[in-house]
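We just call them A, B, C and D in the order they show up, numbering each chain from 1.
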Amino acid sequence: MKAPLACAVAACGLATLPAMADPQPGGVIDTIIQPEPPGLVLGMIQNAPTRTVAGNIYEGLLRYDTDLNPIPQLAESWEESDDGLTYTFHLRKGVTWHDGEPFTAEDVVFSADVFHRDLNPSARAVLQHVESIEATDDHTVVFTLKQPFGPFLLSFEAGTFTMVPKHIYEGTEFRDNEANNQPVGTGPFKFENWDRGTVIELVKNEDYYEEGLPYLDGVNWHIIPDGASRAVAYENGTVDVLPYGTVENFDVPRLAEMENTCMTQEGHEYFSPFAMLWMNNREGPTADKRFRQAVMYAMDREFARDVLWNGLGNVPLSAFGSNAKFQNEDLEPYDHDPEKARELLDEMGYDGEEVTLLPLPYGETWTRWAEAVKQNLSEVGINVRTEATDVGGWNQRLGEWDYDLAFTYLYQYGDPALGISRTYLSSNIEKGSPWNNVEGYENERVDELFNEAATAYPEAKREALYHEVQEILHEDVPVGWLLELGFPTIYRCNIKNLVTSGVGVNDGFKDAWIEK
Amino acid sequence: MVYARLIAMRLLKAVIVLFLIIVFNFFLIQLAPGDPAAILAGEAGATDEAFLRQLREQFGLDQPLYVQLWHYVSGIATLDFGYSYRQQMPVLDLILERLPATLLLTGTAFVLSLALGIFAGSMAAARVKKISGSVIMALALVFYATPLFWVALMAVLLFSVYLDWLPAYGMFTVGAHYTGMAHILDVAKHLILPASTLALFFMAIYTRMTRASMLEASQQDYVKTARAKGLKDRVIQRRHILRNALLPIITLAGLQAGQMVGGAILTETVFAWPGIGRLMYEALMQRDYNLLLGIFFFSAALVIVFNIFTDLVYRLADPRIKEAS
Amino acid sequence: MTDTVLSIRNLTLALPKGADRRYAAENVTYDVAKGEIMCVVGESGSGKSMAANAVMGLLPKGVRPTDGEILFHGEDLLKLDEKRHRELRGLRIGMIFQEPMTALNPLMRAGDQIAEVFEAHGLYNAKERQQKALSLLEEVGIPQPEKAIRAYPFELSGGQRQRVMIAMALALEPELLIADEPTTALDVTTQAQILELIRDLQQRRNMAVMFITHDFGVVAEIATRVCVMRLGKVVELGLASDILGNPQHEYTRSLIDAIPSNAVPPARDVRDPAPLLEVRQLNKVFRSRGGLFKPSREVVALNDVSFTLDRGETVGIVGESGSGKSTMGRCVVRLERPDSGELLLDGVNLSALKGDALRRERKRVQMVFQDPYASLNPRTRVGLAIAQGPIANGVPRQEALKQAGDLLDLVGLGAAAAERFPHEFSGGQRQRIGIARALALNPELIVADEAVSALDVSIQAQILELLEDLKRKLSLSLLFITHDLRVAAQVCDRIIVMQHGRIVEQGTAQEVFLSPREAYTRELLDAIPGRAHEAAAV
Amino acid sequence: MSFFARFAQNRGALIGLIILALIIAMAILAPLLFPESPWRMVQRPFLPPFEVDGFVLGTDTMGRNVAAGLMHGAWVSLLIGLVSTSVALIIGVPLGAVAGYYGGLVDDALMRFTEFFQTIPNFALAIVLVAIMQPSVTSIVLAIAIVSWPPVARLVRAEFMSLRNREYVEAARLVGQGNTTIILKQILPNTLSPIIVLASLMVATAILLESALSFLGLGDPNVMSWGYMIGAARTVIRQAWWLSFFPGMAILLTVLALNLVGEGLDDALNPKLARERQ
């Protein structure tokens, strides 16, 4: 922790050298948040836009670098017992909440054990493995697990395990708390103002515990509902950073070619979004394995990546992405092969029965993609009818399993046990959610393998189990694996150090600075 | 007072209509697939039964429909429009925060379109046989036939991107924190593009209508009388023809003023204008029932207010109406 | 003549292409001199107003002068530019129009409209203009001029509006006043007053007046000289006394003859004393339906009306507008439902019937309507229009159509007319079709509601003749509703005079017409234009 | 003068008719000239117009032929315009006729009902309806019809009110024709000309509405309509102007043509008004 500081001091001494790597303090960055978040109390709300804005207000115990290795945040250091059952976190000292109250181990216990157990379904998924959480002193917290849980250390990112102030929330009705309009965190930026429909303004936390950080005086998150207008906002200099998803993919190459413009795909390693095609395993032609394989052969996924996603991203081999741990690289890829698709369809005796396709209602690229897939499928003789839905309709149709084919994308959260197994476990078949085993895939062996791998210890044991599960899934094709998405962040090149972690701009402004 | 009585009667009627609109919309929205809890959960990217149940309970969505309706209606009677599910704020606050922007946008567009439309229409009427008159009408027809959002996009391209004269979106310069006159000028500058885009279509309507109405009025006997008096053409046009021709335009304008709120949805979207049109679209997509109902309530109320206002203006403009009341 | 104000010389006005004839006016020549009233007379389409419009520079679009000149104090008006012409208008030439309902701007107060005349010519200041307007209104004899000056046109009666028009036309004391059918739209009594006013003002100011009318009665009332026009040409020109007393041209003669005379034919005795229709204490009040948000208003249209009509008899109902005469007729055919009272047709109480029962009975009473243009469905062939009644009453379509052809023969149009549409017929022909339609159901009683008042006099006479003829042939009874006492006297056995929803007087035609008992009846009779002249002539 | 001669006197109307005929021809010829699906990706994406033979209008974001889309879209846009207008007429005409003919309480009730629909801003209601029914040709047509019938009802009502006391209607009543016959045979035929004129304008408005809905992403994903094409192209308006330009022009021309034809019809059906307008 001392090295950068020393470097800074050294640079100060050598004033004659070009200040290349020298962070210069000051300046405000204008960026965009899309869509407007429903609220900013992370932990209560885990929507992507909330994470992006509030990730700069709130913090977790850990951060992750772009290789998903844990790095210190509110926890200075941590230890893991040999049996994988006990995790001890040593908290940083001298940290205060934005309202001046000190941050202590009590806050950690309250956040994890009370707040998130009540409000946060993704934290709950992790907490089910946790036996107890104890504050042994003001700056030490011990988590005791029921059984080993491989990805446990990956769960402490700000968005999943947000630290919330106990002194504000304890004993209150969390969702109705007045303080929700004035979020209080420990992060590098403080909430200043929110003009609904226009802008969210964050200002520098002058009392931030990391010396010299943040460099910026503030961040303005503009709210611009129309994609074309967002692109214009970057072009005419109103905003300087375009986080992923704020401009349509078709605008990306043009914007990236602008003067003083840089683009990075980094910062999404933690989420590693994986686009998939749900295929209803329960009924209709999609219940037939051969049909699902035919779909895989019929789709031109390279075309989609190159034309729709500007060549960003990765065509996946199977259920595990290339960013995910334990990928089995020996599997035969499903290449674009219409002939083979037709053969498979003939073999199963597909009679032209109409299948419905639900595009993802998240903007133009997804709509185009659905059109391309529909065209691919109809060229091998599959009779597809697209049914447009809005977000509400899409949620409901998937939640009630009322579809044949449907687009989606899921986060992988760095570990198969967190982000992948949920799609294939038969225990995860439940109506009402678009994020579980929506396709209705049931395979006992797969269930066994996934469950065993989640709690197996050490890593090598897990790898063998995961390789086997990939072979089965590759053959069964419970869902279509479309693309590991590459989400670009576009920004002015004179903004330095913008993406420094595996969750990208969600916590990136802490280290960023503007070269004058 | 005739007016007071009239307004009182109209208000009573308005209350009935508004009540019906609430009930109608309440059930209409229930027909939409998905509910706010599912959408909020969906946005979070992870969910479980407990989470959904918690949200539904919090929103009161677990109760029977008639109970929900009763709560809603009795809330409105005390000006309580409920809580926005997604924005976590009272609906009334949200709407009142956004309403001025919409009123500013539509009001400006309305005045602009009416003034320019009547002006262009009367020019065209006075130049019936001349090329200039035909050009005005051809332009009006083209504006009338052009999709609103398309004009908006083109305007942004031209004036913001290529010429860089005007801001492309928003209502004021973010972060500038202007006050006083500077703020007003700033807002005015942001207002130009959206207001003129929105006004264009309606201007075309008024232009066509004014011209037709004036040509019809110019056939009336009293125009002949006026000419027989030796009045100048200009005076006849203004005092006799235009004044009579304006009556149907007042009626039309009253209807259009209400519709502008709807037309503003597109304009507000393209120009990122923080008005209720946009809020409505978002609320719809979020299934934010309370907010959506609140917006419907307010926009219907606006339409009704416009209608009453139109009636009053009409009464002022046409002495014959007074007698009937 | 030295005092000639206006001199029209060989004026020829061309109509636009596609019109039914080439010239609106052809080679028209006449003068108007100071202190005289020149009446230009003609039926519709005679081009009588065209010269006047040319004088004012207000020719309809497409009509243009091709020959001749209009000399106003020696200056050719046709050669004036618009600006000079405009200066003459209102200042030296004033004009009054036919329709007092529409000739005033509905949105301006009467006083302002008069004041505008001064303004147009840049005279006086605003206050003086109002004062002048007030004194003008006094001069034209409007009741309560202080109130009238602030009134909007809709608040004034037809006669009052015409007075405002006259005040406007005379505001700047023009040398020439053009009056284009100024009394046609008015009730007789009002007409008499307006004519009186014009004559009076003309004499007081020694103006030249060009008076355009279709009514020889009016001519007889006020004309100094007369110009008779037909199809755009002057047929006869001369002193009023000469032309009325000794018309030279055949057309003039036919026009004068067509006017119902004062001689009342003796009551005919074709009627069967058994009453066909018995009206007992009929009442009808019109209410503008109030509702929650507007107050209701009431107009009493019929107030305790009783009379009888015998089989084969013609009864006339006479009255001015608003007298309730039309409501009476509409009640008899049950287009209106009386509030109380009885309508006995051969003992059947029509007023009590509803629905199907009414539909069955109502074919016994049919109606001939006033407006020959509005009374035929423009999209229905004439034959079918006539046959619709029988078809609705169960006659097979083919048979009904054949009957329609016979009826068209009967009314003198020929069976071939059945295949044509209404717009292919003239007003008089359409009225014949209307009559044929009324006859198609073999009714016992026909109600003729102002059946001839929209027609030119020459046509009027033909239609009246036809009605008389049919009545005899088919032994019909007739309820004849009209505002025109003279017409009533010609065709009716008995006459009922109505005013304000009440019967003022009833009796045989001769009684009512020649020796009226009630003051109102006398007033009506006195107001008939040209009556004095005719009485003298007889 | 014959109907067509009167119509043709209005030069604008004639031009409109010609444009409309061309567009209808486009719609009819589309399957012949471009037998393949307009969704088929046939060339490299973003091919500008007039560069490659066979792709005069270029290709779109995914390499689909714009010309093919435009021609197939003509069919869809016209169909949506016509069908939604017909549905609006089917709702509006009977309602207006009954209200105008019977008057009184029936009229009151029906007009309050109509006003009710007019109190909710049109476009907002259309959006809500499509969102509720989820976008498809059927839901779009219904939504457009539901927001556009009130003016029809009002027009028909006004016409019926002015015609119901015409003398020929009273004559029909006198000779014993029933109400239904009178409404259908006496009055309705005489209200047709304003209805036809209004309908022609409604088709135009419906096409605009559909395109606005598509712009917001509420179009039917299975049909290539012009509105869809603009909606899909607006994100790339900067890179590929032709993608929104051509369908935009197509809408503009169609709406323009329909308006011109509407005016021409108005002139031809109401010769008196036409003369005044000159």
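The definition used in the following text is that a contact is a pair of C-beta atoms (placed from the backbone, for glycine too) under 8 Å apart; a residue touches a chain by one contact, two chains touch by 3 or more.
Chain identities (UniProt): A = ABC transporter substrate-binding protein; B, D = ABC transporter permease.
All of these numbers come straight from a predicted model, not from anything done at the bench.
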Problem - Pair with more cross-chain C-beta pairs in contact, given A-D and A-B - result: A-B
Handout entry: chain A and chain D (ABC transporter permease): spacing of chain centres that average the CA atoms, whole Å
Key = 46
Practice task
Mind checking the centre-to-centre distance between chain A and chain B (ABC transporter permease)? Centres are C-alpha means, answer in whole Å.
Solution key: 40
Practice task
Provide the C-alpha centroid distance between chain B (ABC transporter permease) and chain C, rounded to the nearest whole angstrom.
Solution key: 50
Exercise for the section: Could you grab the centroid distance between chain B (ABC transporter permease) and chain D (ABC transporter permease)? Build each centroid from C-alpha atoms only and quote it in angstrom. Expected result: 23
Handout entry: Contacts with 2+ other chains: residues of chain D (ABC transporter permease)
Key = 131, 134, 234, 237-238, 278
Handout entry: In chain B (ABC transporter permease), residues with contacts to at least two other chains
Key = 32-33, 153, 161, 269, 284-285
Exercise for the section: Hunt down the residues of chain C that sit against at least two other chains at once, touch-wise. Expected result: none
Handout entry: All touching chain pairs, where touch follows the definition stated at the start
Key = A-B, A-D, B-C, B-D, C-D
Practice task
Using the touch rule from the top, collect the residues of chain C that touch chain B (ABC transporter permease) in their complex.
Solution key: 56, 58, 86-91, 94-95, 97, 99, 102-108, 116-117, 119-121, 152, 154-155, 165, 168-169, 292-295
Problem - For the chain D (ABC transporter permease) and chain C complex, residues of the former touching the latter - result: 1, 104, 108, 166-178, 181, 185-186, 189-190, 278
Completion exercise
Listed in rising order, chain A residues that touch chain B (ABC transporter permease) in their complex are 28, 30, 35-36, 38-39, 45-48, 118-119, 121-122, 124-125, 175, 180-181, 195-199, 201, 220, 222-226, 228-229, 232-233, 235-236, 238, 389-397, 399, 410-411, 430, 432-435
Exercise for the section: Over in the complex, which chain A residues touch chain D (ABC transporter permease)? Could you list them? Expected result: 227-228, 231, 248, 250-251, 254, 303, 307-308, 359, 361, 364, 367-368, 370-372, 374-375, 378-379, 385-390, 392-393
Exercise for the section: Would you tell me which residues of chain D (ABC transporter permease) are touching chain A in their complex? Expected result: 37, 39-41, 45, 61-63, 131, 134-136, 217-222, 232, 234-239
